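Before anything else, here is the set of structures, which you'll find just below.
Both complexes shown next keep chain A, but they swap its partner, so chain B is in the first and chain C is in the second.
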Partner chain A sequence: MAQPAPLAPEVELAYEMPEQVTLLSDAWRRIRRNRLALVGLVIVTVLFIVALISIVWTPYPTWLQAVGPTYEPPSLKHLLGLDQAGRDIFSRIMGGALITIEVGVGSAIIVSLIGIPLGLMAGFYRGAVDTVISFFINIWYGIPDLLVALILVFVLSDALHLIPRGVVVIIIAFSLTRWMDVARLVRGQALSLREREFVEAARMSGARDFSLLLRHIFPNALGPIIVQSTFAIPAAVLFEAFLSFLGLGLPSPTPSWGAMAADGYHGMDFAPHIVLAPTIALSLTLMAFNWVGDGLRDAFDPRMRR
Partner chain B sequence: MVNAVDGVSFDIDRGEIVGIVGESGSGKTMTALSLLRLIPEPGRITNGRILYGDKDIAQMTDEEIREFRGNEIAMIFQDPMTSLNPVLKVGFQIEEAMAAHQRFTRQQAKERVVPLVSRVRIPAAKDRVRDFPHQFSGGMRQRAMIAMGVSNEPSLLIADEPTTALDVTVQASIIELIRDLSREMRASVILITHNMALIASLCQRVIVMYAGRIVEEGPTRAIFKNPQHPYTWSLLRSIPRMDERSHDKLISIRGLPPDLGQLPPGCKFHPRCRFRIDRCLTEEPPLAEVDPGQLARCWVLMKNIKDPESIAQK
Partner chain C sequence: MRGTLIYVSQRLVLIAVTTVLVSSIVFLLLHQIPGNAFLNETRQNQQSIAAQMHYYGLDLPLPTQYINWVTGVLHGNLGESLVNRGVQITPLLVRETSVSATVGFFALLVTIGLGLILGVVAALRQNTWVDYIASSASVVGYSIPSFVIAIFGLLIFGHYLFIWTGGSFFYQPGWGKLEQIPVPALALGLPYASYVARLTRASMLETIRTDYVRTAWAKGLKARVVVLRHALRNALIPVVTILGPLVTGIITGSVVIENIFGIPGLGKEFVTSILARDYNIVIGVFTFYAALVGLANLSVDVIYPILDPRIRY
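And then the complex of A and B:
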């Protein structure tokens, strides 16, 4: 009779653990299959690199006038030509990339910092807290944001001189008028997550409200939060460009793409390159961020998995 | 107002394992949740006392009760699939359960995780604590939940249908684990279930609930051998048993559990009872001692019925 072989405990099992899949690595795997998102990601990366380079080097100083004849069309010496004051447009586009990123990323961060805690509290505590926060969200939605932003910039910078005209005041104006999207999204997430069993289980083991919010509700809502914050970037960029175009954004000679478009507006019929360069850069940036946002949304949403 | 749990009163000694059985909606989970003051809204405790030692849980402040939860009384849930946070590593979640209380420092909590995980018999504990819940099987998740439950060495563990979501072979090992842990830590256990076999294998004492009331209570042996309430008797006779002579037919309890908003007058079980007398229709029986240590809420009692089988089969 054959004796069953005894198990040898010293033998290493030929078993490899499957690679750990985290939220982010899983999302990355899926975003790689999304071509448009990938294109967007490349453009965004280029934008970041250009912005970083512009801090230390641009072909000409962005503010330097009369580096050549005014309205000069693109040439090898000046890749995108010169504007009405004879400034090198290529250099100014590079500088504008930095402004764009500062405004976009800064606004996304501030909007999240306002929206996430408010949304978490509204969704988690419900009742009176939710009523108050939701009331403000709904009221804020009803206010025309550009109008309020215009007034804010005017009051803060021009009338009271509290904050000099610049990136900071634009970020403040944007965040104060557009914090509701993130807040509302997080509120919804918190409302549904607070009923999940693992939250109940954590509560039963004596977890404090703060740790329930921080460890259990917030991390589980992270996917949608990242997506929503990503969409805040192009919104803020457009917002800044629009304000600057109207002359209420960044003061000259700051190389804001919106202000550059406004500068070239009057010479559009004989020197279109002055308007085209910043508008194309702006459009590419907006599309890229939106593609990345869409890609992220698909990547984080389990219902969209293919 | 609906009284989901009404006049339920029982004691649990240190180290004792007590089972609460009953149908869905009989109030067993609500009874357990009120011990932790975690009744879902809009429910609340309107009356009564919950004494833990000499402290009344019903009178505690919010901070006192929070410190109490998980520290003195811990709970194990029915569905281990959804009771663990999907985005946090298992070991970290166990650590967090300890960090919520003062009993251990953060460093101690960290060091206790691996021994705890191996204590609930998860193999390769050292590696497994770094896994996420989705990498665990159902049985392992329930073990991890148990590890979280016992991490603060509570003196009472409430297990709310801890094996319902698991397959039979895993059920047995989970039950064994709960029994061993209770013995090692001298912790009392309240086991909530509708599974009679589970009660028989684990509990020293049984509480049978019906319509938010205790209808019978006593030592497991006595209840299984000589159930006195018709509900208990029918419940036991509704499951096939290997250790008894085969009967003709299993007995079913006709009808549905009553709507708690519209309870019948008299004995709450009488509409479904095959042994009722006139008195049952108007007067609710008290929970009275029928044998030493055994209580039943019935006017009739099964010992007074000759040949209940034939009556029930009709």
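And then the complex of A and C:
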């Protein structure tokens, strides 16, 4: 392509343009080389597809009882067998995938919505604002978060009837007790980014605080934020399963994997398939999200950059 | 030493403040609830409900109730159970805490012992089958929730072991015998053990390539001395930093483990009393948990300077 050119501008044009690299395409290139993350990504994709399908179709309705003999082991007609009420476990696993996605993604979004603004403000304004926000972050780290969330679910739904017991109340309880991971991370990012030259330059050219935060600091902290939010998904999924397993989470006909495990737990000696299906589905899901999270962290980690 | 003492006493004050503050929030939340714990007892008439309310001081205005409760907490008195009248909460919870602490201690032993051994062995035998097995186990293990491991543990050690050995040797859920400790401790400790193993392997791999470890080998020290004293002690530093969250995780994780294995500890009490609407015990257990988590984090922070002398208070 290179050709002798009489004029300077044309010389520049003659160089081969390097491939344009954005934050996301760069991360994608590196995550593609991480086999474990790819496996995780495949499992997560399957989970999403199953969840979407379950909205419109499951082999049997997830709540329908006595579609066959109770405790029936897996067969061709019922791939994962029937549970103690004669419900089709395969359908309920599909329905559970949707619940899992709702809880996980919903919590990740809410946690980010709380944590990012608080972290940005603490890191950017420092001083009194930072002192107050950091104080709350530290206090929150000192409390048994799982138990507070459990009480919150109970108080908000059962006792006060503010929100019907369901996915929403679980997302709220989780987010109110686990926002500080994201907030602390964003605070650290904002603290270091605000001293960088490009922020200085933007400030010199008259950018207001709001646009400094939104257009200059936030986009540059995006990588770590995505990683941290990804790790909120398995944590929220585990929280929901934990609550439902104890009988304090989603109410009975809801096909939550934790509740299904609790159902099968009592008949474990003679019908282990009831407890195995949801626990394996849950473990696979948590594994997949953790692997994707680890892969993303390696992909976005600036120290690993060539 | 003086510095450490001052630091510890400051932290103790902060823990006390946090505990009272957080349980106050729970107290106020639970007292917003319409109705009371006695309404589900249908046989009662209005008069006897009023008498019950008066007995527990629930007919007083909320600020008075709150002041009474805080005064009680500061005197170590958490009040009386709403469901089992006459049962004092503080001694009950102290007894249950010792049970939970036993399980937690053994779970921590599993976590640190197993995690360190797996991590060190995997790092020393890097890229051999030992490493592959240990690494894949930890990559899988840290995503499996403890209650799933508990279910599998019950299935294997409680059910199948019973069949295989003809009922002569198996795990029976419950509490009180020595042989009932290992299965719950393993279930509680294994996910965290995998996490510790991953961290240890990574930091060991970094440490065994440093100059001072090469020097230690070169001057002819025994393998045991090089690995344990030169490499592991330095490799431990990043592992120690996660001890705080780890201990918190084991304490809160015990809630579900105790319910599965029927262990009469704090966690079982917590869930039972929530389901029975026994708010006094719920607040009490919560206060205990908040204090426990604070104290556990404090003891981790006190251990730091012993392992890493660069840290001083």
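Quick note on the criterion: the second predicted complex is superposed on the first by the 288 of 306 C-alpha atoms of A that agree within 3 Å, B and C clash if a C-alpha of one lies under 4 Å from a C-alpha of the other, contacts with A are read in each partner's own complex, and residues count from 1 in each chain.
Keep this in mind: contacts are C-beta pairs under 8 Å (C-beta built on N, C-alpha and C of every residue); 3 or more make two chains touch, one makes a residue touch a chain.
These figures come from a predicted structure and were not determined experimentally.
> When the two structures are superposed on chain A, do chain B and chain C clash or fit side by side?
Taken together on chain A, chain C would fit alongside chain B, as the superposition shows.
> Please tell me which partner, chain B or chain C, touches more residues of chain A.
In the superposed model, C touches more residues of chain A.
> Should A:215 be classified as contacting the first partner (chain B), the second (chain C), both, or neither?
first
> After lining up the shared chain so the two structures overlap, which partner does A:201 touch, if you call chain B first and chain C second: first, second, both or neither?
A:201 sits against chain B, while chain C stays out of touch.
> Would you sort A:143 into first (chain B), second (chain C), both or neither based on which partner it touches?
second
> So, A:36: does it touch chain B (first), chain C (second), both, or neither?
In the superposed model, A:36 contacts chain C only, not chain B.
> Scan A:241 for contacts with chain B and chain C and give back first, second, both or neither.
Only chain C is touched by A:241; chain B is not.
> Can you give the closest approach of chain B to chain C, taken over C-alpha atoms and in whole Å, for the superposition?
28
> What is the shared patch of chain A, the residues that chain B and chain C both contact?
On chain A, no residue contacts both chain B in one structure and chain C in the other.
> For a test of understanding, state which residues of chain A touch chain C in their complex under the given definition.
Chain A residues touching chain C: 36, 139, 142-148, 150-152, 154-155, 159-160, 234, 238, 241-242, 245-248, 261, 265, 268-269, 272, 275, 279, 282-283, 286-287, 290-291.
> Under the stated contact criterion, what part of chain C meets chain A in this complex?
15, 18, 21-22, 26, 29-30, 32-34, 139-140, 142-145, 147-148, 151-152, 154-155, 159, 248, 251-252, 255-256, 259-260, 270-271, 274-275, 282, 286, 289-290, 293-294, 297
> So in the complex, which bits of chain A are touching chain B?
It is residues 17, 20, 22-23, 196-208, 211, 215-216, 219-220, 222 of chain A that touch chain B.
> Can you list the chain B residues touching chain A in their complex?
The contact residues of chain B facing chain A are 36, 38, 66-71, 74-75, 77, 79, 82-88, 96-97, 99-101, 127, 132, 145, 148-149, 152.
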